[in-house]
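Structures follow.
In what follows, subunit A forms one complex with subunit B and a second complex with subunit C.
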Partner chain A sequence: MTERIQSVVVAALDEINASRAEKIPTDDVLGLCLYGDAGVFESMYLVAFLSLLEENIEDEFGAEISLTSEKAVSLRVSPFSSVRRLIGFIEGELELVGVRG
Partner chain B sequence: MILMITGTRTGIGRALAEHFLAAGHDVVGCSRRPAAIDHPRYRHHQLDITDISQTKKMFRSVRQEYGRLDALVNNAGVSSMNHFMTTPDEVSRRIFDVNFFAVLNCCREAVKMLQKSSEKSTAILNVSTVAVPWAIEGQLAYAASKSAVEQLVRIMSKELSAFGIRVNGIGLPPVHTVLTRTVPRPKIDNLIARQTISRQCTTADIVGPVEFLIGRQSEFITGETLFLGGVH
Partner chain C sequence: MARSKVAIIGGGPAGSVAGLTLRKLGHEVTIYERLSLPRYRIGESLLPGTMSILNRLGLQEKIDAQNYVKKPSATFLWGQDQAPWTFSFAAPKVTPWVFDHAVQVKREDFDRLLLDEARSRGVTVHEDTPVTDVDLSDPDRVVLTVRQGGENVSVESDFVIDAGGSGSLLARKLGVRQYDEFYRNFAIWSYFRLKDPFEGDLKGTTYSITFEDGWVWMIPLKGDLYSVGLVVDRSKSAEVRARGADEFYTSTLAKCARAMGILNGAEQVDEVRIVQDWSYDTSLYSADRFFLCGDAACFTDPLFSQGVHLASQSAVSAAAAIDRITSHGDERDAVHAWYNRTYREAYEQYHQFLASFYTFASFTEPDSEFWRKRRITESDDDRLVRRQWFESLAANGPEASGGTVATFRDRASTMISIGRHQRPDLSDDFSEAELNAARVRWISDLTARLNNISRFRWSGGKAVLKPYYGVEPTGFRLEHREVLANEDGLDLTRYAMDDETRQIFQDLAEEEFGYRTLVKRLGAAGRQEQSTQLVIRLMEAGLLDGYDDNGDKVFIQGRLHFGGVGVEYEV
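Up next is the complex of A and B:
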């Protein structure tokens, strides 16, 4: 399931990149920091990216999860600190709604 | 253009939907009751707009059919004419649920699809009322909920500017609709007399400004609420 989630995340980044002049580097996508001092998104763009990702996850897995929930934003280690952590968070949320790899 | 208009069963929403359909656009509408419009480019969703799960379902079906949205008109609203001392708590909450929270939820869902529009500048338009600037007695909850909408317009316009999404409002004087049918005629006449243009607003008066505010001709206008009839 991790690989399927990664593909969905990369596809969302590609979609965002298609409309950006300054491209987000995706060569080391798992280590990519999404938000914070070294993050590639400012807050509103992060929200737009997460909204797009929620839709793509719903299309891929047929399940609705929230990436902007209180839970997501209040975790001690932010799921937005790297794509690897975000994938782990998504995997956990999908398992909670009954989607398993 | 693919646009969504809430509250298309009757009155202003229905008139807007019929106008945009006649102009060749695709319209997605919704109301608590079944569709009153039969047109090949019209899609109707029967739902309670205060139920976020039903709202999400509507937007999901729009995404699946069209893949994008070019404009959203938040028209659906409720009103109650009553002294605040005799307005039940559940009535006030219902007014805020429909007039403010449902608008907020529709905006949140629409933004995802407005970003996928090929239009250079997409738009959200929210309906407000003269009850806000005139602070009409007997309409405390209604006017307060629409004040909240006007503040939403100002702040959301800033938060969505980077995405090329404009957010505006249209402030309406009394129009003959289901919302105003319980208001006594002398009260309506008094309000009309306060307008600079002293006649009752009709749906025909609203269509043009709405078309302007969601169209390309207003692509440099955002965060504004335009009042009809001369109310200031």
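Up next is the complex of A and C:
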């Protein structure tokens, strides 16, 4: 399932990159920081990216999850600190709603 | 290519940046500077937007060679017993000209560098040459009287930019300056020998610290110097006269315990200086053949270090406007309308920000006369009656999406909660990373509110496109663009729009769908990344109202953005 989720995340990043002058680097996508000191998104752009990702996850897995839930923002290490963390969070949320890889 | 002859009054940052931009655009430029540079100036703390403009004008190497103190953030000890809070300039590099820092400069060196660079690029510079009169009566030219070698000399040009600072000859002559009753302060300051006491993420930051009589700035400069200034009420000037500037400065600074803590007994190494700090703007930023730039046009309390940035931003805009009028004479009125509006909006943005922060501090300093006098509590506050933004706010009432009087305090509270340190005192342990949790929580709350919007209502009839302008971010030419508007004339000028996007909002006007559908459609039109920002700004502009399933209006409060030329920073 991890690989499927990674594909969905990369596809969302590619969609964002299509309209960006300065592309988000995706060569080390798992280590990519989404938000914070070295993040690639400012607040509003992160909100838009997460909305897109939620839609794409629903399309791919047929399940609706929230990436900005209380649970997501309460984690000691933010799911937006890296794509690896985000994938881990998504995987956990999908398992909770019964989606198995 | 059409070419204009432009005279610039003043060789400070506004004059030099205007000269550099006009030369880049191919025009003939002469700067008349009243004094000989270097000369002392206050205003040492810059913003990243200025770095971005200078970078695009090709000055990066020159700036880097100066080894200025790098300024990564601004830190506020704002209000009694409040934890420090920092707003960082760290920003995603969505374009090559986004900067994550500014610099702290000694203005005598910095201004000299800019003026020398303008000269080296073909701008004619006359120092020790005051302009004593400007004759705008001829519709085809401007005639300046300049004082050179003890003689008055007449010089002609196609346009004049007055970048002559607060003493602006044109603002005085035209009678266009409007003082603001709300911020009638004065600043008194000196310099201390002090190595930056903080390492890590606080190194190089500018401090702004409230105390009972006003607030203190602390700016680290090259050579282990600290600029330390007090902003106090104008009524204190009687005390200065009675006790002398040195005694007043020392005893008033001593009242600010947190500033004294940072200074930690450091030695004062320079004289005490004073300047009037009265906020003002102008009823006219440009018309016919003249443009006002920088402090010649407007000035507001230095809390956010915006002085040089407003100067450089307006300078680029004035240069781009002159270039456009030179090649498209029939657009003159439209270009002036653009310049007046964009400059006024940029100024108002800082002014609203100030009102928010002064109002917030007033509640934490309840016994202070200084802060009580600066609190906005009533919508009929006559100190603000002239301010368009405040009139609009007061008129909209508590149901308006734009907010209410209480928003001034709330907005500051929101920003402070996003930037508040996890510890009550300043310390090297502070890390930018510790702010992320609060920011992410704010994002979560915003997302929940947006997702609750099941129905948007478009105001004012149809969604239409209307012509406007924008400065092209690398070439600095003023270009036509179309922006989104309604039939009542409300618009959003921040984004260039096309018919595909307009149609989405026209569909929304007819179908009244919700947030998720709207961002999906915007994404399909290639506006995925900016979709949320766009929606929030349309709500702030009054073009969109959002409602939840119960039919209740959803209140959205975005973060403030400091604009630049083709770049902006969220606070």
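Going forward, the second predicted complex is superposed on the first by the 101 of 101 C-alpha atoms of A that agree within 3 Å, B and C clash if a C-alpha of one lies under 4 Å from a C-alpha of the other, contacts with A are read in each partner's own complex, and residues count from 1 in each chain.
Everything below uses one rule, namely that a residue touches a chain if its C-beta (ideal position, glycine included) is under 8 Å from a C-beta of that chain, and two chains touch if they have at least 3 such contacts.
Quick caveat: nothing in here was measured; it's all calculated off a predicted structure.
Once the complexes are laid over each other on subunit A, subunit B and subunit C cannot both fit and instead clash. By the touch criterion stated above, A:39 is placed in contact with subunit C alone, subunit B being left untouched.
In the superposition on chain A, A:21 makes contact with subunit C only, while subunit B stays out of contact range. Legend: residue contacts after superposition of the two complexes on their common chain; A:78 is shown touching subunit C, with no touch to subunit B.
Of the two partners subunit B and subunit C, it is C that touches the larger number of subunit A residues. Once the two complexes are laid over each other on the shared chain, residue contacts for A:55 go to subunit B and to subunit C alike. Of the residues of subunit A, those at positions 44-45, 48, 51-52, 55 touch subunit B in one of the two structures and subunit C in the other.
Contact residues on subunit C toward subunit A in their complex (touch as defined above): 88, 90-96, 432-433, 436-437, 439-444, 446-448, 450, 516, 519-520, 523, 526-533, 536, 558-559, 570. Those residues of subunit B that touch subunit A in the shared complex are 56, 60, 63, 111-112, 115, 159, 162-163.
On subunit A, the positions that touch subunit B within their shared complex are 44-45, 48, 51-52, 55, 58, 64.
The part of subunit A that touches subunit C in the complex is made up of residues 15-16, 18-22, 35-52, 55, 68-70, 72-73, 78, 80-81.
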